Structures are given as C-alpha cells and as structure tokens.
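Can you read through this structure? Questions will come right after.
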Amino acid sequence: MIIVMEHNATAEQLNRVVKYIENKGLQTQVNNGTVLNVVAVIGDKSGINAENIAAMDGVREIKKIQEPFKLVSRVAHPEDTVITFSNGVKIGGLEKPVLMVGPCSVEKDFDGLLKVAIAAKEMGCQFLRGGAFKPRTSPYDFQGLEEKGLQYLAKAREKTGLLVVTEVMDTMDIALLCQYADVLQVGARNMQNFKLLKALGRIKKPVMIKRGPAATIKELLLAAEYVVANGNPNVILCERGIKGFDNQYSRNTLDIAAIPIIRKYSHLPVIVDPSHGTGKRYLIEPMGKAALVAGAHGLMYEVHHDPDNAMCDGAQSLNIEQFKDVTRALNKVIGRIDYDNKNNPQTY
Amino acid sequence: MIIVMEHNATAEQLNRVVKYIENKGLQTQVNNGTVLNVVAVIGDKSGINAENIAAMDGVREIKKIQEPFKLVSRVAHPEDTVITFSNGVKIGGLEKPVLMVGPCSVEKDFDGLLKVAIAAKEMGCQFLRGGAFKPRTSPYDFQGLEEKGLQYLAKAREKTGLLVVTEVMDTMDIALLCQYADVLQVGARNMQNFKLLKALGRIKKPVMIKRGPAATIKELLLAAEYVVANGNPNVILCERGIKGFDNQYSRNTLDIAAIPIIRKYSHLPVIVDPSHGTGKRYLIEPMGKAALVAGAHGLMYEVHHDPDNAMCDGAQSLNIEQFKDVTRALNKVIGRIDYDNKNNPQTY
Amino acid sequence: MIIVMEHNATAEQLNRVVKYIENKGLQTQVNNGTVLNVVAVIGDKSGINAENIAAMDGVREIKKIQEPFKLVSRVAHPEDTVITFSNGVKIGGLEKPVLMVGPCSVEKDFDGLLKVAIAAKEMGCQFLRGGAFKPRTSPYDFQGLEEKGLQYLAKAREKTGLLVVTEVMDTMDIALLCQYADVLQVGARNMQNFKLLKALGRIKKPVMIKRGPAATIKELLLAAEYVVANGNPNVILCERGIKGFDNQYSRNTLDIAAIPIIRKYSHLPVIVDPSHGTGKRYLIEPMGKAALVAGAHGLMYEVHHDPDNAMCDGAQSLNIEQFKDVTRALNKVIGRIDYDNKNNPQTY
Amino acid sequence: MIIVMEHNATAEQLNRVVKYIENKGLQTQVNNGTVLNVVAVIGDKSGINAENIAAMDGVREIKKIQEPFKLVSRVAHPEDTVITFSNGVKIGGLEKPVLMVGPCSVEKDFDGLLKVAIAAKEMGCQFLRGGAFKPRTSPYDFQGLEEKGLQYLAKAREKTGLLVVTEVMDTMDIALLCQYADVLQVGARNMQNFKLLKALGRIKKPVMIKRGPAATIKELLLAAEYVVANGNPNVILCERGIKGFDNQYSRNTLDIAAIPIIRKYSHLPVIVDPSHGTGKRYLIEPMGKAALVAGAHGLMYEVHHDPDNAMCDGAQSLNIEQFKDVTRALNKVIGRIDYDNKNNPQTY
C-alpha cells in the first residue's frame, strides 16, 4: 500500500499517518519526492483500513499494490483449479472446454426440454442449463416454474446423463436447489449479493458466478473469494457481457479479454456466455469461437425447441437445428485446440 | 410496439408476424416504407412477448413505445406520492427536502453513534442512517454488527426522535428489520434482487431503493414497480452515482439529471446520496446543493464521530464539526427553495 | 512514480529496472514488501517513459503519483485564472458566472439571430454563441454557413455589445475565426485534435475546450495543457456531458461533480453546457441551477427564435419566451451566490 | 421514422405534426394506440430534420427505423468491398486476413525500423505500420519525426516490398502523406474530425478509420460514410477497443463482437488492433486469434526492435522474437480459416 500525501501536506500530517500505521504493527518507508511525499506500508495490511487513512488530513490518495483477493489468486495458488464431476466431466486447467446448453427458463412443456437435452447429448455437450427461478427486470415477465422446473431438469438428466446447471436467487432456496442441481449458478444481478455468496460457501456443490453487468474483473474475483473463503473451493467464473455505451446492435459488450486476464491472475476456471453476452442469435457462433481460442474453459448458450414461443430471451436462443449447426462449428474449434504444459496455456 | 422488418424480409415473413399478433387478440397496422416495412401493434401488450417476435424470421428489431413500468408511472398516477411518518415527517411532492445522515455502519461504540444523532437532531435532520448488515465487496472487510446494530439505532431514535433508515440484505432478515427500522433500504448491489423486492412489497414500512451502479433509470423504476406491484406503495428512490469510465477523482458519477427525469416520469420521491455518489468528503456540499436545486426530495450523507477510525468509508464521511458546516450550508439552500402548485415543480 | 514488480520477479529483473532509472539521473528507493516489491522513483520524471519501464521483464504495473499536467495545475499556479475581455466582462475565480447563449448553428435568417441576441442582451447575458462551422455525425446533416455565419455573428455583436463564441474545426480556419470571434471553441469531438490545440496555443484569443464525450477530467486538463504550453494561457473548460450506459431519457450524463473537481485541481475557469449535456429542453433549467450552485463559472445553452425549424438540435433549444423564463430563474440563483476569500470557494 | 406522441398530447398537436410532415411532401400514417398515438412517416426522410419534430409540442420521442448511413450499408451495396493494392495484396470479403505490424512511432534509428520490417516480411505480413505524426494525450510526450519518419517508412518499403500504413492528423498534411503512404490511417481521437474525413474523401488512397474510444458502431459507420460520400470508396474500419468502467487489467475493452456486427450491416473490411485494444503485450496473441475466428479481415499490432527504449507504447509492443512467436501462432489460425460462398461468411 502506497499513501500519497498532498503537495502541501505538513510534516505533522505525515507523521500522524506514519504513527497510525506503525501503531498497527506495520512498517513504513517514507519516500520524499520532489513534489509529493509518499509512504509505503510494508507487512500484512489486513488489519488496517485504507479508507480511514484516506480520510486523514493531508492524504491525497491511497494506491493499493497487492490484489485484495487472496484465495482465488494465482499468487497463493499457482496451479489451475480443475473441478471434477461424479460422471468424470472436468472443468478448468488444460481440460477440454465444456458446453452448457439449454433454454433460458424451464417451461411447462417437458417434452420440449427433453428434445433440447437429447440434441445436446447427441452433440457432445456436458451440461443442461435452464432457469427454474428467473430474475426478470420487470415484475410482469414470467418468473419461472420453481420446484417443478427443477424436477424437469432432474428428469432430463436421468434420461440423458447431462449434468444440470441452474440459478439460485435467494439463500432460502439453496437447500432445495442442492437436491436437484449439479452446479448452482449465481446470476449477474446477484453477483454482489454477499449473503447468498457466503451461504454458497457452505455447500459442497460447485458454484458458477456470472459477472455483473458493471462488475470489474476484480469485483468478480472478490465475489468468488466470498465463496472460497467460506469453505467452497469449487467456483467457476462466467463472463456474460458488460454494459457499455453502445447497445444498439448487441445487448452487452462481451469482454473476451477477461478470459486471458482471469487465467493470468486466478486459478479458477472461466467460461463464456455468448447468448446473454450479445443478445443476438447470429453472434453466438463467432463469439463462441472467439471465446474458445482466447482460452475459455467452456461456453454456455441458449437453445430452445421453439424460440418463437419461448417464455424469455427468444431472440438470443437457437432452435434445435441452428443449435446443431453452431455446435458442430464450435466442436471443430474445440478439436483443434492444442495443449501444452505452461502455466497459462491452452494454445491454439 | 413497433416491429421493424428486415429490408429483405419476404411477404410471407411479414404475414407470419401479423398473424402471430392477431392470434393474441391484438390489432396490427402495417406501414409499408420505401426501404423497410414496419408493423404497429395496438392494444394491451401484456400478453405477448417482444423477444419471441424479435426471434421470428425477417424481424430486424422491436421498438417499444410505452414504458414497461405502470404503477410507478405518472401516466397512471399523476399526483406525487408523499410518504408520511408517524411523527409527521413527510417525503415527496412539494414537501421540504429531508436530510438522512449517520455513519456508514453502526459500530460497537454506541456513544459515538449517539453523538452523531444528537448533532443531526440539532441541525434539523429528520433521519438517522446506519448499516447493521453491511454489503462489502471484499469478504475481509467489516460485515456489520447485525441485530446489536439495530438495537443501537433504535436506542438513538428513542433519545433523539430521529427516524431510522437501515439496509436490508436478505429476505430472511426482513422481519427483524421491521422491528427496528422506519425505512428499509435496498442497497445498490441488491437493486435487482427480485426475491427481496417482492418480499418488501408485502410489508408496510417504506422502502428506499438505491440505484444500482450500472442501472438505467428505467431499471430503477422497474425495481420500484416490483415493490409497488406486490402491495407496498411507499417507495423512495435514491440516486447514488453510476459507474463511468473516469473514477480517478470521484468514485462514481453522480447523475444529477436523474432527479428531474424521475420526477417527470414517476410520482415517487427521489433522494440523492452525495457521499457514495462521489466518495469524497469535499464533494458532499457542492453536490448536495446541486441535488437540492435540481429538485431532490432529500439527501443522505455520511457523518462519523471519528472518521479516521471508522470501520468503513471513512474517506467519504464528515466528522461532526464538518457535518455541521455542510448542513448549515445545505439548510440555507433548503430555506430558499420556492414552491408552487404545478405538477413537477419545486422551483428555486 | 511507483513501479510494482511481479510477485515472482527475480532480483536481476529488479536490478535492471533500478539501473535503467538511475542511468536517467534519477534516484530510486526500493521497498521490499512481504509479497511484492516496489521501486519508488524520485526526481523529475519528464526524461523517462513510464511505458518503457512497464514493458520491462518482471514489471507488473506503474503507478503515477504526480498529475501529468503542470501549467494548468493548482500545484504550480495556486491563484485562479480570470480572463478579462475588452468590454470588461470577466470569467473565472470569484467573478459572477457568465451566460453564453444562442442557436446551435447560425442560419440564413439574420433577423432570427438578431432577435435571439437582443433577448440575450436584455436578460443580462454576456456572450452570443452560434456555430458557423458545424461538426455533424452524419455527412447528410447541415454543415454550417461558414464565413457568412461569422459575419452574421459579428453584426449581431455590433448591434448588442455581446461577445461572440464560435467553434473552430480545423487549423486552416483559425486565422479567419480570429477576425470575427471573441472566444474560439474547440468542440467535444476535437478535444484531442492535438494539431488544432497546438495551433490555438499560438493565438491571443481565449479558447474554450469542451470535454470529449468519453474524456476523463485528466484528459481534458491535458488538452488545456497543450494550449497553455504553446503560449496561450486563456483557456476556459466546458463540461457538456459524457457518454454513459443510459441514454434513454437524456443524451449524455452531465457530470456536475467535474466542476468542483476541476476547481480543486486546476486554476482554469469551468463552465457547463446543459443543452448538449442533456439533449432535453426541460432539463436546461434544473441542470443549469445545479451547475451554478456547484461552482460553475458560467453556463452555455441554446436558444433559437424558431426551434421547430432549426437546422440542428431543435429538441434541446429554448424558444425566446422559454429562454426568458429559464434565464430569469438562473439569474435568481446567480444573484444569491455568496463569495468568500478561500481558495476553492464561491459558496452559496 | 416513427413519431411517438405524449400520452396527453392534444388532437391539435397531433395534427400539427402530421401537417408539418405532409408539407415536406411525405406521407404519414397515424396509429392510435390505447395509451399513446404514433405517427409513421413514409418516404425519403432526407429533407426533414427529426430534431425539429422532436421539438414540437406534444411529441415525446422520435424512433428512427432506417440506419442513417447509406453508402457504407449492405442494404444499398450487398457485395463486400475488396481493396486491391498495386502489389496484388487484397483486404476484405473472403480474402485471407492481412497483418499490419510495426512500431507505434517511427524513431530516429532507421536500422531498428528495418529490422522490424525484415522480420515482418519474413513472417508473411503485408503491411508496415508506424506513426510519423503522433497524437499524444500529453504535450510533453514525443510527437513524431514527421516527414523524416515518412521517408524512413518509404525506404523500408523499398527494401522489403511491404505496404505502408501511417496516420494523418490534419488536413494540411494529406498531400505530403499521399506521397509516402499506401494507406492513410485516421486515429481514434480524430474519428469525428469531419473536415479531415471530408478531405480524405477527395483522395484516391485507401483510408483506414479507427473507432473512437467512445464511438458507437453507428458513429464509426457514419465516419466512413463521410469519406465515401465525398468520393473515396476505399475505406477500412478498425476496431481498437472502447472505454469501459474497468481499465485495471486492460487499457480498453476490445469489442470483438463489432466484427460480425459490422460485417452484417456494412460491406467494408474491418480489421482489429489488439495492441491498442488491450495495452498489454500478453493479450495480443489470444485477442488476435479471437478477432480472426470472429471474422476480422486483418490485424494490426505493434512490434519494436527494442521495446524497453521505445518512444511510445512500449508496454503493448512485442520485441522481434516475441513477434515471431505470436505471428507464427496467428498464421496457424489464418491457415485454418475456411471460406465459403455465402454473403457474410468466412467460416472457421
């Protein structure tokens, strides 16, 4: 931590800062610049509050040097986290990228869901996704089938062997979801629902955290830190597009660079959702390919047996025929990815 | 709702769209443009899903004409909502702007809190704010005193007559909070925690919703719609700064224009938080004044009896002396606001 | 300047960085942290290139401590810049805020322009603004009357005594504009047209620089630094709204906090344009008031004698009657601003 | 064009709008909604100004249906533009993606530039890039060698056969640049320097326009429209990252989705600059690959013979050895791209 003093800070103000830090048992080193003085703080900063120092008279700015996340960082944990499921499927590290597909929300028509699941299995996908509890911006939109939806997902798993990914919206639903799902997904709008993250730290199932629409990469990693710090190391990160100033042609800006950045700074697996990330069906294939060659550990995208009559997000869903075409193209890219033994790898 | 067809859409594709809509019991009107054709949909659109239509072949784009919020809109409810508390304090409409002040979080030192509350009362403030449950980006930061914090707030209310505003983070805590608080605040990061919003629709206490750091005004109004549609009409909106590309000199961009915009489109009261909105102590006064003259129904800002040792957000908190100076300046502005009888007024 | 090394940087890499800096004649101080090492650089950094250091092996990040702007900074020049015009009008410091008004573009109808100018004079405004050269996003929009427009502005000045502000779009037009204008305005889209800024440093007339739609405050101050460093100290800054993720209800997000921030870090005057900043006529009055109480040295807004037939930006222009109402309200606020002798003042 | 009336607009206000449009020789069609009325305008809208209509009483909003760009749109020109250079190199359509490489700025050391050019030729690149005129945010940074830099580029072309791409910053320099360069590049900060764009419409050399850091895709296409409408059809677009709220780990957010979007709506070639787009050397390879598989017609990235001593942007430049490694990896991806005969293709 570096404390920058104002250009007109007094010696007394500087001394007060130094003393404050040393009273906390940390060392300081003062660098007298030609214009500004700075104080470097050495040692374990977890006992001091940067905001308090920033509030002291004569302090201009605090510059943090270390990342605030610890357990999810490569500094503390250089090897990739690889999550292994009961059926042998793996996510992370140098493992083959996985595909998570399914409708935005699980609907009344179970046969439609099953059609999707069968097609997914046939195309080599590993996960069936579908929302039973749905976060919707408007209270007038469809809010999900709830437990019935979970039962449908479980039934589709039984028939196909696909693993089930579904969203958890509230701490009260965690126990129920654990009965049905293989991965509990935290939606983008709940990425900083800290009570929920803490509670998910106390379960055993893997948790997938979607990046909030205006979350920085650091905030995403800190959200993961909540889960890991509370006892659950099995966290998957998901890039799903961030809000930008241009939403005319795509709903969000899919931040492909987040993939190699996250892989550099964290050991956790990272997947990409090109359906929500763009909001447009025709962009799933090119953005899915882009994510794979940039190093994504998997993709999540939407398929619906009848997008024209979907209860949500039809415009970004593929129908089954389109799904097969897109998945064939994506599988071709997956087949060509080369692996090596370097730390930050998966070359193409 | 206006459906724009692609320039090369076929007559068959156009007919399919028209038929789809008419099957839902709505009327259509086709406008044949020189380049693009558009279909206008007339009638109650709540039964149709725009995304499904957007997903149909030959459809380029859907343009929505009506606002998706209804109950919080001035169209349906032209008069201002004014919320009246048991002690006669009012928020909204042409009422005098209120001041909500206090520490970011309630801490162990009750006497410190009481000092703040007494100063607040002395300066004419109406509300004491303070977090008992704290949402923190990092799991390693102070997470709040929980019920003990609520008890402290209640005790300070008893001694000063101030009303209490405090944050609710989880549906499970609502009942507890209702025992202690006069206003339940939904934090910015929970603005789209829809389970929480729905649950808050079923209580009687006023709810204050903070705008999410990347939430549009429409999304904020839809969050309020969740509460109102579930039965609780007493909602206060709070602008607290949005994320922008420039965070070097202020933590967020405080969107002052949101005040007159919200007052034009909605009847709900809107207050402004210049502490979180800027993250800098020296900006509280100028931005507080700016918010008041732009029509805010109140301000919320942070005071701490000892900011250098605050558990959170010290850099944006005023100490008691600074608080009195700033509040004196703000009260001067409040005293000069003129009121008239027009619908969207509060001239200055 | 602080150089942060990677957690796994070698001693050799660290030494190479230190040697590089010392070879440039600067001093270093190495702080060995528990996880990361940092190198503080002491002395005049103008001879070294931070990017080169950032490119060296083992370097993680460079943190700059000093602001990159010098001449426009309060550090080097603590007193406010006040610009005085030949007719005694002053902008900056503790002077009364000025009003710059007029149509977006000067049009063929001189009588219309004159009507606006007469009304402006009558309401106590000091400047007539109007574009003769117009930057337009689309090549199919009206591009301005060019020299004829300048002549009209000069004629209106002659008849009313108002000073003339108009936009310069190209280095080739500077000489011509200097014949007619009292202030040359650099448009938001040209804020980083560095050839133009340099050339404006070589003239005597005051220059007003509008903040680019995605420019940080630092970038705006560096644009001003270009003009001042090339010899022209008379620079006015203009906040006119930045691009955000929400443009449904206002075209831009007017960053009111930029006013007190700029006044803290720079001595240059800063004015605000609520017309372009919001794009909505009804927002001019509340946002103009907000800017004034937050410390703006002036306002610029659009008036047209016949907005329905304006060649550009009709929706954000006031007609003459509306202009008088709004200006009356703004003058009331200006009349109530109190001045004191502190450095960063203009209290309200 | 769709004109949405306010919910309380009067019949008279509606009639006034209709009459205004019909007086301009266009047809209208009024759709009476249950809440709002809308007026559809049919015919060539180039004679009417949407902003004027937006300014009329009772009008709530204008929704534009057609894209404002014409010549660069696929609607008017469905076939891809392919630009062919004198040496047979082609950019656009289904042609093999090109590589444009070189230092950020041309520096005094010609031998260094030549080393880069020789390596580029050896790796199969087609273009040498390098700035002779440099736009720099700070006036204290290196501003370029100017004509001497151009001479060096031309000499390197002579020795290697590479084509030369270099930036034009001012209308006054166009003639000079045309003597030396094969492609004139418009920098991101000049993307809306309309005088410059118009002047570039009158030359014969291809023009490459970089997307402004906060420009929407529509604004980029309108910038290209300026050049094409003034007579020069040979325009290349370049995505180089946009400003977002997260710049901690990458300087900009590289908008990979812009590639398939531009290819859908325009016939112009689009290339990607992963050096400026991320600001980090280690991101060039993964983002370069991502751009290629998403359909980019080429890449531009920075190489310097000695990045530690580069005059600008060292941190995002590769040294020659790194350049060869990265280019080998990119060439492998280029070699695997499949082509078909569909309009918007280049499958992978």
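Letters A, B, C and D mark the chains as written, and numbering starts fresh at 1 in each.
Here is the rule we use: a residue touches a chain if its C-beta (ideal position, glycine included) is under 8 Å from a C-beta of that chain, and two chains touch if they have at least 3 such contacts.
Model, not experiment: these values are computed from the prediction.
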| item | value |
| --- | --- |
| Far-end chain from chain A, centres as C-alpha averages | C |
| Whole-Å gap between the CA centroids of chain B and chain C | 31 |
| Inter-chain centre distance, chain C versus chain D - centres from mean C-alpha coordinates, in Å | 27 |
| Interchain centroid distance [CA atoms averaged], chain B/chain D, Å | 39 |
| Contacts with 2+ other chains: residues of chain A | 214, 243-245 |
| Pairwise touch network: line, ring, star, complete, or other | complete |
| Touching residues (chain side chain C, partner chain B) in the complex | 214, 216-218, 242, 244-246, 248-250, 253-257, 259-261, 264-265, 277-278, 282-283, 286-287, 289-295, 329, 332-333, 336, 347-348 |
| Residues of chain C that touch chain A when the two form their complex | 2, 4, 7, 29, 31-36, 38, 40, 42-44, 63, 65-66, 75, 214, 243-245, 247 |
| In the complex with chain A, residue positions of chain B that touch it | 20, 46, 49, 51-52, 54-56, 68-70, 133, 135-141, 143, 169-172, 189-190, 192-198, 212-214, 219, 222, 225-226, 229-230, 243, 281, 307-317 |
